[in-house]
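Okay, so subunit A shows up in both of these, paired with subunit B first and subunit C after.
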Partner chain A sequence: MDILQILSNTGSSLIAPATIGYALAALGLAMHFGFTGLLNMGMAAFMAIGAYGYAISILTFGFPWWGGMLVGIGGSLVFALILGIPTLRLRGDYLAIVTIAAAEVVRLLFLTTTFDKYTGSADGLSGYHASFRSFNPIPDGTYGFGPWEYNANGWWVRIFGIAVLALAAFILWAVMRSPWGRVIKGIREDEDAVRALGKNVFSYKLQSLMLGGVFGAMGGIIYALPASVNPGVYVTSLTFFVYTALLLGGAATIFGPIIGSVIFWGVQTLLSNLLPALVNIGVLPFMTTTQSQTVRFILVGVALMLLVIYRPQGILGNKKELTFVK
Partner chain B sequence: MNTADYRRTRRKNRRGVLVALIVALSAAFSLMAMPAMADEVNVDEYDNSIIGNVKLNSEPLEGVLLTVSGGGYEVEVATDADGRWKVGVPDGDEFSVTLDESTLPDGIAVIDETGEDDTPNVKEAMIGPSGSTVMNFFIGRGERNVTSFFDQFVERIVNGVNFGLMLGLAAIGISLVYGTTGLSNFAHAEMVTFGAVMALIVSVDLGWPVWIAIPLAVLLSAGFGWTLDAGLWKPLRKKGVGIVQLMIVSIGLSLALRYTFQYFRGGGTEQLPGSDSPDIPLFGSVSLSQTNMISMVVSIVVIVIFAWWLVKTKIGKATRAVSDNPSLAAASGIDVDQVVRVVWILAAAMAGLAGVLWAYFRPGIRWDMGAQILLLVFAAVTLGGLGTAFGALVGSIIVGVLVETSSLFIPSDLKYVGALVVLIVILLFRPQGILGRKERIG
Partner chain C sequence: MSSKDSPAAPVEREKTTGLHKGDIVPGVAKVDPIIIADGIRRTFGGLTAVNVDHVEIPRNAITALIGPNGAGKTTLFNLLTGFDKPDAGKWTFDGHSLAGMGAHKVARLGQVRTFQLTKALGLLTVLENMKLGAKDQIGENIFRGMIPSLWRKQEAEIEERAIVLLKKFKLDAKSSDFAASLSGGQRKLLEMARALMSQPTLVMLDEPMAGVNPALTQSLLDHILDLKDEGMTVLFVEHDMHMVRHIADWVIVMAEGQVVAEGPPDQVMKNQAVIDAYLGSHQDVDLGVVTGRIEGELNTAAIDLAEEVKELDANIAKRKETGK
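Our next item is the complex of A and B:
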């Protein structure tokens, strides 16, 4: 068993593009769920729209990378409008069912062979890197130390991702301490009271859905940036995993979603490396290496349950800020 | 060449390699199996030949007509008892081989593997340097060009009702649980899978007969429902955990159970005994397999018994009272906890039965089979009115028929989309559903 390799992989996963993508999506959910109280279970669709919007506009329409990102963001804004107008009047649990259904519709539309020409159906999309890499200011070569040793392109994706994440966290922090943010939190606490103050609750909810959706779309783009867009990623489980990361860190916090995502991926990578290694040296004789890869997903489910029951505020959260615990 | 073209070309090449491999393999097999037995036409007159073997699931099909034509040459050939045929052809030229689908058994057609070919029964053959080429067709169940639109429509509706009844068994449970506890139970999908997996373990792993295995699976599911309520949901209710929290707990439970099934059964698909029963023609071109008919009868009987229970018995009335207003029911002396316990047991038993039926309908058992229909069940429940048992049934049948018939109009890999879009549209105009009350608007 190569303990150094396992630790190195785990360390590397802490700033992997997938981790940054999850953190962005979790920030979006913090906006929706933590601050506004909207139980959006369709975050996977926002991520899919971001990633596909980016890839399709580059591959099919020849946009530059920043144009692709704008298309992904624009797509998520349109989706937030389409999703929000019929559903934001609904109570929490109904909203969850409808958003999850909408996310599934989006996934099936990207998966169908009908639009294979644009979406690549089950194969997904790849080979859209040239434009983004041509803007790479880092000279060729390998940089870093220990687990964090990447080539110029690897660093460019990570630095860009972290910059976007920092910007998103700053925006969220800034808007939540503004008067707008106070109205949003008020909606979470008592919608009727806010309505009585003459605020247009529906409009505020829609704005929140759009802003969080943009974070989600950027998360999807960063997730897909270094490799490919794979339709198998944007399943409902993705939304549940992002929720797990969010609740782990703290739903109504700025840094909670980021810390939650880092821990989520760190533990996931550790287990996915450690468990098969343990099986191979015979420490876990009752399971095969394939089974040991399934165990970590069982653990995610169990962790989600325990978290919600025993520490719904997460690591950083304040229990007073959790109206979903009533 | 831009990247998109590159990607496509690469895929095409991959497919080309695959086809070549299959052709080479089948050629090797045909040579081993001595094509001398084939029904042979003009074989002695020409050196070059095209040979083939018409089979359905490795059963040879006799008397299937094929036409080979090209370069002014045209000849017909019929397959022999082993499904083989061989045609001698002149030098050069490409030939097209047409399989006459009307000579195939009813309901059987040449399947289009690529999804792009409108006439998969016509194939182009090139004679290779060996002077012989193999031409096989992929044959399977299919209705292409065989039935009229109306007949297809009727058949889809019958299938849809069958599917809807099965959804209904799952939907009634989810709706009752919601009505009595307020929980939107995402783990219901795994209760569906649980029933199917239990039936699989008893019938295949233990080798018990199916008529024991299925009732036993339903009983085990009922026990599973009892365990979940006693071990998880009741303590959480006592703790006063909020509705949204409970819902997220059910999502966690759903993930944990789903991957537990995968842990024990792996990622593949397994079949229950009797899943390949033959189709029995009913009227027109409508035919249902034996298992599908039994499945429909079982669903109807169970739903009727359940309706009688809900309307006539004391505990059924108590259940409706708790659904209506738990505090008032408790104040009237109804033991709410007991009612909820019964509801969990019933919901799990019906979900387990739905799982067995879904395993026959799909067909096959997979670790995530329940999750595949969870959203359709939610759509059905929401359509009918969450919390109402009969609304759930009506919604289920509508969703079932909609899903089955919509694939006549839209690509079949989008057939669930129709139902989900209807769910969203219904919420726009009648958010309480067909039989529900106006409480869901927040």
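Our next item is the complex of A and C:
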């Protein structure tokens, strides 16, 4: 068992593009669920729209990388409007059902062979890196130390992703400390009371859905930035994983979703390396290495349940501010 | 303000009189109405919850809306405030037609309400609850909200106003606590104070006294009377007849969705229709005295009631026997 390799992989995952993508999506869910109380179960669709919007506009329409990102963001705004206008009048649990269905519709649209020319259907999309890499200010070569040793492109993706994440966290912090954020939190508590005070609750909920959706779309883009857009990623369980990361860190916090994502991916990578290694050296004789990969996801599910039951406020959440206790 | 810090004996304040024009009948015209409603109907399936032909609410007075359970008082409240849409009817507030207008727009016109089941925003602090009530906040726009220099000054003004109100409602010591930590009565106070932050012209209170202890009742009553002194109009739903008699200038009685009577409180409570529909003929009798659990003088009404009860008991016993 190569402990060093396991630890190195784990360390590397802490700033992996996937981790940053999850953190952005979790920030979006913090906006939706943690602050506004919208039980959006369709975050995967926002991420898919971001990633496909980025890749398709570069591959099919020859946009530059930033144009692709703007298309991804624009797509998520349009999706938020289409999703929000009919559904935001629904009560929380109904919204969850509708968003989960909408996310499946989006995923299947990207998966269907009808649009194979644009979406690559089951193969997904790849080979859209040239434009983004051509803007890389870092000279060629390998930099870093220990587990964090990447080439120029690897660093460019990570630095860009962290910058976007920092910007998103700042925006979320800035709006949530403003009177706008106060209205949003009021809506989470009781939207009729807020309505009785003269606030246009529907409009605020839509704004929240759009802002969180943009964070989700950027998360999808960063997730897809270094490699490819794979339709198998944007399934419903992606939404659940992002929720796990969010609840781990604290749903109604700014840094909670980020820390939650880092821990989520750290533990995921550790388990996916450690469990097979333990099987190989005979410590876990009752399972095979393939089974050990499945066990990892069972553990995620158990962790999510334990979190919700015993520490609903997450790591950073205020103990008095329990989102589930009403 | 009559009551300062010491809980002095309540000052009897003068009622506003001369609110109506002509004879007092249900739907009588008012000298200066703030709300004029016509033909408001709301049905839930086969049930007609509200069917009000015409009603006017007098300005700068305290109007009580009373009636038995299921009379449609809260439904009428919801309709007037835009929380529910009527099947038919139109109504104006301060000259603005409100038919089909959403609740938040109604509130912006200066007609603010509270709820029967108190809606304190539990995970916001008491001060945040208060600040939320203020109207026309610059920082409530998402883009301007991101630039604090645009709204800081207004925020400070709002906070100042909130603290003054909290002091008045004796909640200032709680201002940084979560509203969820307040008692039921304190939440009622907070909800009323929060409604006042929007500087309304009409305050609509849905059962402001429900679940409030007697000591707090007095200060709540004073607060409601203060609203009138400050030039506001109050419309409230209440079951406590003592309170209605004490503070209301005008009483509107609803039963089965219709306005069955209205008038000044002392006159309305003598109205036979109101007594039959709502008050019952023994409103002033202590039940404990009638049942003999409490020593006390039985007045004629109580003796009547005691006899009626005996008679009813006898009837029930007879029916049981013949049934067997």
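Note that the second predicted complex is superposed on the first by the 321 of 326 C-alpha atoms of A that agree within 3 Å, B and C clash if a C-alpha of one lies under 4 Å from a C-alpha of the other, contacts with A are read in each partner's own complex, and residues count from 1 in each chain.
Here, a contact is a pair of C-beta atoms (placed from the backbone, for glycine too) under 8 Å apart; a residue touches a chain by one contact, two chains touch by 3 or more.
It should be emphasised that the depicted structure is a prediction, and the values quoted were computed from it without experimental measurement.
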_Under the superposition described at the top, does placing subunit B and subunit C together on subunit A give a clash or a fit?_
fit
*asked:* Taking the superposition on A as described, I'd like to know which of subunit B and subunit C A:279 touches: first, second, both or neither.
replied: neither
_Contacts of A:211 with subunit B and subunit C, given as first, second, both or neither_ = second
_With both complexes overlaid on chain A, does A:89 touch subunit B (first), subunit C (second), both or neither?_
first
_Looking at A:111, would you say it contacts subunit B, subunit C, both, or neither? Reply first, second, both or neither._
first
*Considering only touches as defined above, state whether A:182 meets subunit B (first), subunit C (second), both or neither.*
second
*asked:* A:45 in the overlay: touching subunit B, subunit C, both, or neither? Say first, second, both or neither.
replied: neither
*Now for A:171: first (subunit B), second (subunit C), both, or neither, which partner does it touch?*
second
*asked:* Applying the document's definition of touch, where does A:198 land relative to subunit B and subunit C: first, second, both, or neither?
replied: second
_Greater residue coverage of subunit A in the superposed arrangement, subunit B or subunit C_ = B
*Once you lay one complex on the other using chain A, what is the shortest C-alpha distance from subunit B to subunit C, in Å?*
10
*Please identify the positions on subunit A that touch both subunit B and subunit C, taking each partner from its own complex.*
326
*Given the complex with subunit C, which residues does subunit A contribute to the contact?*
171, 174-175, 177-183, 185-186, 188-190, 192-201, 207, 211, 320-321, 326
*What part of subunit A is in contact with subunit B in the complex they form?*
39, 59-60, 62, 86-87, 89-98, 100-102, 104-105, 108-109, 111-114, 120, 123, 125-128, 130, 191, 236-237, 240, 243-244, 247, 287, 290-291, 294-295, 297-298, 300-309, 312, 324-326
*asked:* With touch defined as at the start, can you tell me which subunit C residues reach subunit A in the complex?
replied: 81, 83, 102-105, 107-108, 112-115, 119-124, 128-129, 131-133, 135, 137-142, 145-146, 148, 151, 155, 178, 180, 191, 194-195, 197-198
*What residues of subunit B sit close enough to touch subunit A in their complex?*
2-4, 6-7, 11, 115, 184, 236, 239, 241-245, 247-249, 251-260, 262-263, 266, 371, 375, 378-379, 382, 386, 411, 413-414, 416-417, 420-421, 423-425, 427-428, 431, 440-442
